[in-house]
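Note that subunit A is present in both complexes that follow, paired respectively with subunit B and with subunit C.
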Partner chain A sequence: RTYHSTTHPPPPGPFTQAETTLLTTALTTHVPNHGFTLESLHLAARSLSLLDISPSFLGPAPLARLIHFHLYTARTSSLPSLASQHADLLQGLPIPEKVELLTWLRLKQNEPIIQHWQQALAVMAQPSHVPTAVKELAMLADEVYYLAGDKSVDPSWYTKRGALSGIYVAAELFMTTDKSEGFQETRRFLRRRLQEAEEVGGVVKSVGEWVGFTASAGVNVLRSKGVRI
Partner chain B sequence: MASSRPLLRTARQLTTSQFRHISTTPSPPSPPPDLNTPPPPPKKKLKPLTPQQSSLLSSFLRVNQAGELAATLIYTAQTPPILAREPHLRPLMKHMYDQEADHLRVFNSLIATHRVRPTALYPLWSVLATGLGWSTAVMGKEAAMACTEAVETEIGGHYNAQIRKLLEMVTEWEREGYDVGEEFTELIKTLRRIRDEELEHLDHAVEHDAQKAEPHWLLTGVIRAGCRGAIWVSERV
Partner chain C sequence: MASAVAARPALKRALPSLRSTFLPQQQQPQCHHRHVIPRRSFATSPSSRNDTQTSSTTSSSSTADRETHFGFSTVTESQKRAMVASVFTSVADSYDKMNDLMSFGWHRVWKDHFVSTLNPGFSPLSSSDPSAPQHILDIAGGTGDIAFRMLHHAHNVNSNPNVRVTISDINRAMLSVGKSRSADLPASQQAALSFVEANAEDLSLTRPLQPILSQQEQTFFDPATATSSIPDNSVDLYTVAFGIRNFSNIPQALREAYRVLKPGGVFACLEFSKADRHPLFNSVYKEWSFRAIPLIGQLVAGDRDSYQYLVESIERFPRQEEFRDMIVDAGFRVAGQGWEDLTGGVAAVHRGMKPRV
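Our next item is the complex of A and B:
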């Protein structure tokens, strides 16, 4: 993660103004009905009174760009604005529960297009698009912890975000086949995985503490016996 | 007056020139300025950071945090063996440790505020720093002081390079007509203060017979090379 200035305006994102207009229209109006296909992009171009050929300015892989746009906007604009909307809810919760709520809010962003999401994941699993997808996932985990107010700057920074990335991927995949009301099963799945991760984290931390205390106690005992160490 | 050289105005000069303007220039039909409420601060024109600048700043903060972590662990490991032989050094060791702990706190909070990734080799640096501190302390007070001298020499040069780079960035912004916010003036001020305290530690180490360590050239050479390597790695990983 690179330096994020608290006062300077943010640098421009990876999408130009023209791309943003086209992709937003495609994502909100056409993808829920037609999926992540060129059809959605052409319909979006037409509805904006552009030529049908316009999506070609998205580059050689327009579908991957569309999916990347969804991941990018869900992470950078939808999630922070949802977090501020739910600020009163988030207020009194401890950090693990805030993380759960924020991850759930992000998962819900996939609701309108969930029936096409497996197809989208297949596109992003192609070797040329994997780096983008992995980077977005890592930045999402960081964003969730940042919005949850986590201020740790030791190795747990890595373990927390790594664990959350894995859990998020699993929950997203689960959600694509979940037919329950309001995706409750996905929410329960998410909660179970997060609790497991917390338990494992707790065990590792306890073992580490024990080893540390035993070692320093041993050294101090030897010093008290006169061993010059 | 400052308004004749707008491009070189800093934020502080901007505010004071505005105050001067309000109090000395007669303003005919406009209502008298309300002296109870301060004038609104001028809107600052801040330039967005380029990706290179962002990654440079993040590598600076990452390396500084790693360095201060190593410093606190070195002092923690050095203190018991040294004090066993020379108990009169307790106040000095405590003073240096307290300053390093304060530096670590500063960088921890900067890293959290600016969402910088901490170094991935944190556990490795912890082990190496503790080992270095303990081994030099066991070799004797002079060796421990030579270790401090070597580390602080490297660190002093390293902070100087960072401050220089930040000042370059800031003058570039001023030359382009942008304002420099408090974020960066405070950062430069903090780095200067920390660099001065590190150089003070260097002076203390030399005062306490760092030069008398046997073999001085080997100890300082190895430790300085190790520091440079650790700095290089932490900037990237």
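Our next item is the complex of A and C:
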């Protein structure tokens, strides 16, 4: 189904049980050491007492599948559980602050594998995998705003999520070269970008108002001179 | 090779009499009027179904009389086995040429993709044994297309010399073609290859390939002559490319695949499938299939009926989702949706893994 319901369990995701077992083992135990490679998948298969041929059941692009799995679990299970863990922190904050905190929590999910993340982004930038990657990004932006409690129903729904998608991508890329303690530079980078987005949002709104008033004033002046418009 | 070539004209002469053995008497005049009235041969009418059970010359197995389909007609399983045998015997030595003509050479791309994505012979480099042995069983792989690619990928690309391939086929003519083609392989790859006659629905009865010595010999495997078997839990990778739609009893073949695979072993099937997710492309494809392919068969190989059967059998094969469900029913675990479409769905690769417990 294409809607989200809080009263019904979610539909089964794109990963089956057997796939999940293999990919989870690979992601948690082997990817930090060997990266997003066939090596990690085959070592994971061996540690589960499967055969060397077993990762072939994943399909024609097992690495993209592994990376997609990381994106999927970080969004659907890690982020909501972290949000409920930090519920007390989140409670008192206004929505923009909540968005910042939740985006930061999601960025931290990349910590164990950050040294291989540039390679993963290169894999997902291949044309056959771009649709999957873009879809996951869009759903992540929506998830962050949903967990932040955003209930807007106007066109800003789209602009907010679009802006957050762009900011998240920039912050993730920044994080791959960040060597600071606890990735605090990345957090500052994130804060600066979110602030700019708010300011730009405010500026765009003011400019729009000015243009609107000036245009209608100009039209009225012309009408007063006898122009039929 | 010579034996297969010599066998073919004899078998072509024998084909009309083979047909008359397996069809009730009133269908025979159709063979003679074929050039006047374009009509599908092997057609049976509802009234003849009772006769087919008495006139079939089959084993005493109770499943031999169960109904199945042969192209667009309904026959019993044992009839289908014999009819398929005659089709593939007559196309054996022009099989590759015909595949090239029908798919504009694209079948090579599909087979290359199939083998490279299965990645036989890969072992993790940081493990204790970086060239772990693997046993690959290629079913209905008579002419050796898939098996030769598997050997090249394992031995050369993955530098793993401990991978061996067993080619199994019910049709001895196809296996003979494969055996003669394998003479061009490097010696190390030939040593890793073995040819076995078997019915994929019962791999406990097999026989190493016996060359066809005379034209009177039956060209398909007779289980009564079996001398060995494929044991349980002995195969790492079970592949079947463009073969499974010809089986009389596909669920039985899937159960046999489950039996012979080791826990963790992979089942992979490359087969024609439904391209109807793209309606315009699909209608062009259908036109090409049903109009051009039998005509090409007639002009190039002089054998319209076999290619008519091939096209009809593609049409009757279950769609991707149904076949995936059959694979899951046999006990395999799949990943994602369980299949991958090639060329818009004209072909599809289905994969499954036998679970550990």
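The criterion applied here is as follows: the second predicted complex is superposed on the first by the 204 of 229 C-alpha atoms of A that agree within 3 Å, B and C clash if a C-alpha of one lies under 4 Å from a C-alpha of the other, contacts with A are read in each partner's own complex, and residues count from 1 in each chain.
In this section, a residue touches a chain if its C-beta (ideal position, glycine included) is under 8 Å from a C-beta of that chain, and two chains touch if they have at least 3 such contacts.
Values in this document were obtained by computation on a predicted structure and should not be read as measured data.
In the superposition on chain A, A:Y146 makes contact with subunit B only, while subunit C stays out of contact range.
Of the two partner chains, neither subunit B nor subunit C is touched by A:A83. Look at A:D154: by the touch rule set out above, it reaches subunit B but stays clear of subunit C. In the superposition on chain A, A:H34 makes contact with subunit C only, not with subunit B. In the superposed model, A:I229 makes contact with subunit B only, not with subunit C. In the superposed model, A:S56 lies in contact with subunit C only, and not with subunit B.
In the superposition on chain A, A:P11 makes contact with subunit B only, while subunit C stays out of contact range.
When the two complexes are laid over each other on chain A, subunit A has no residue in contact with both subunit B and subunit C. Per the touch definition, subunit A reaches subunit B in the complex via residues 1-12, 142, 146, 151-155, 157-158, 223, 228-229.
On the subunit C side of its complex with subunit A, the touching residues are 113, 117-120, 122-127, 132, 134, 236-237, 262-266, 268, 333-336, 340, 349, 351-353, 355-356. Residues 44, 46-51, 53-58, 61, 65, 80-81, 84, 108-109, 111-118, 120, 122-123, 134, 138, 181-183 of subunit B are the ones touching subunit A in the complex. The touching residues of subunit A, counted against subunit C in their complex, run 14-19, 34, 38-39, 42-43, 45-46, 48-54, 56-60, 65.
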